[in-house]
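Look for subunit A in each of the two complexes below; its partner is subunit B in the first and subunit C in the second.
And then the complex of A and B:
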């Protein structure tokens, strides 16, 4: 079996390398992509959409149908993790509480744990004392990471970045908070239900913008029909439409990253985790 | 595209990819995968595809490594079979 696997891998790798030789060279001016597509985008992007970053305008305007389904794929990934991993925890099995004045850890079985107590603090079963340096550094960093993420989302028209990257960075900042302090503290601030709603909202913003274009004008996701609503001309309306769509992507991606992390790190229980 | 930098980064990509599949420890393998993603991100930057490099740095090297570590957190050190 092992030999068969090795032969298959070698065969596939060999075929891939063999057919790569037919590809045009890196930056070849005579390749089909450089003859037909690239010149059009380079010459017409600015006058069509008023967006200097060609990648953003191709991603969210010329090929926005593609990106819409990419966002849907992200939503599907979050849903798949949820449906595969999530275990509803109805019965409370075993919880550990730290008595803060004395530092004694108590184990509670069943339902007899102290609710709303000032001196008892819930800890995980594999709890290690919090490191003050890590805690403080993460607390300091998270704000800057989030502001940078907002900058990436909003500045995607002019610089590398956009909704996807900015959304991932916001999600990563919240994951950093969950790692540095506690999974429960993070779930208390942005719960699973909120993550699910945010995910659906992001996809809805994207598809809704397209549908709105269809209601006002004629084409799905042709943002220039939004011009009367936004109070601008048809070219700036495409730029603003790209921004609206990017916000939708950012919201969806952020929520999915957090949702997947909650389910993965707590093995679906969302009770205690990394 | 600067050829020496390109070759060095490509060599490191191959080394880290090989290390990721040969290393026995799962945590080391996931970290090697993160290093692999980050080197690929450098490669995209050298090629001038900055948007792709940004995505690779955030998703590949950042969040997916965290996901791998979070999943490995629930495994045991030695297999039971």
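And then the complex of A and C:
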């Protein structure tokens, strides 16, 4: 298999490198990808949508159907992880507790674990003592990461950024919290149910904005029909519409990243994990 | 065309072809399922880099209209497409990266399921177990 694979790969790679001679040169302004559609986007984004960042205006306005279904794909991926892996926590019976005054670890099977005791602390089966430096640094960093993520979402019209990037950064901050403390502490703050609802809410905000445009005007996802609701002219309405949609994307992406992490890191038990 | 300008014009494609082949080799020849998934991610990254490099124009800046903050009123000069790199590949790859992460999650979930079922991630051992069962 290895020899056959190597021969196939070398053949494929050789053919691909041979045919790169037909490709446009690197940085050629006249390459086919840059002369048909993209000049329109570059020259008309300000008069059509009042958004200087062309990537944002193409993402959420000119190609908004594409982005809507990308969000749906992400929702589907989160659901697939959930359906593949999730096991009810009731089946987990073996738990480990640390007796804090003495430092002894005890194992409890079944229901006989100390409920509501303040000398016993629940720990994972592969528990190691937490490093105070990591804990403290992460606790300091997470706020700034989240503020920065909100800036990335809100400032996506004028600088590099937008819903996808900001959502991923918020999700990463919560995953960082889950890694630096533990999975249960993270689930207590943002549970699985909340993550699932947030994911669906994000997709709903996106599709709902489109549907609202269709109810008021006549085109799905044509934000200029939102102008009477937002109290602005039709071009600024498209700018605001893009912002609403980006918030939906950010919420969906954030929740899906957290949801997938919860399920993967604990193999679906969501009881103990990384 | 001399050799230096040829390398300067096509070196980006050659890099991505090499990356693409590394990923493809891992997917075809490796025995471990997680290594196959890593190969898939390398393959995906090569495609993403390829798209982003297509969008580059010599002398172009990043695709944000300069002085566009006051909603176009301050821009008296005409916006020329040659001054800005092509935004379209960036848009496509922006969504592809996030969807790639989500599908990577699904792939890893499947790998966890396979491990729970067979107790191994090596492909030949899994195949042996399936043959024994059937």
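Keep this in mind: the second predicted complex is superposed on the first by the 269 of 274 C-alpha atoms of A that agree within 3 Å, B and C clash if a C-alpha of one lies under 4 Å from a C-alpha of the other, contacts with A are read in each partner's own complex, and residues count from 1 in each chain.
Assume a contact is a pair of C-beta atoms (placed from the backbone, for glycine too) under 8 Å apart; a residue touches a chain by one contact, two chains touch by 3 or more.
Nothing here was measured: the structure is a model prediction, and the numbers come from that model.
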Which of subunit B and subunit C A:202 touches, first, second, both or neither: neither
Touched partner set for A:52, first subunit B, second subunit C, both or neither: second
Contacts of A:37 with subunit B and subunit C, given as first, second, both or neither: second
Partner chain(s) touched by A:84 [first = subunit B, second = subunit C, both, neither]: second
Contact breadth on subunit A, by residue count: subunit C or subunit B: C
First, second, both or neither for A:17, with subunit B first and subunit C second: second
Partner chain in contact with A:26 - subunit B first, subunit C second, else both or neither: both
Partner chain(s) touched by A:172 [first = subunit B, second = subunit C, both, neither]: first
First, second, both or neither for A:256, with subunit B first and subunit C second: second
Touching partner for A:241 - first (subunit B), second (subunit C), both, neither: neither
Subunit A positions touched by subunit B in one structure and by subunit C in the second: 26-27, 53, 55, 59, 160, 162, 164-165, 168, 257, 260, 264, 267
Residue numbers on subunit B that touch subunit A, as the complex places them: 1, 47, 50-51, 53-55, 58-59, 62-63, 66-67, 69-71, 73-74
For the subunit A and subunit C complex, residues of the former touching the latter: 1-2, 5-6, 8-10, 12-13, 16-17, 20-21, 23-29, 31, 33-34, 37-39, 41-43, 45-47, 50, 52-55, 58-59, 63, 66-67, 70, 73-74, 77-78, 80-81, 84-85, 158-160, 162, 164-165, 168, 235-236, 239, 253, 256-257, 260, 263-264, 267-268
Footprint of subunit B on subunit A - complex, ascending: 26-27, 53, 55-56, 59, 152, 160-162, 164-165, 168-169, 171-172, 175, 179, 257, 260-261, 264-265, 267, 273-274
Of all residues in subunit C, those that touch subunit A in their complex: 8-14, 17-18, 20-21, 24-25, 28-29, 53-60, 62-66, 68-69, 71-72, 75, 79-82, 84, 86-91, 94-95, 97-99, 101-103, 105-106, 108-110, 112-113, 116
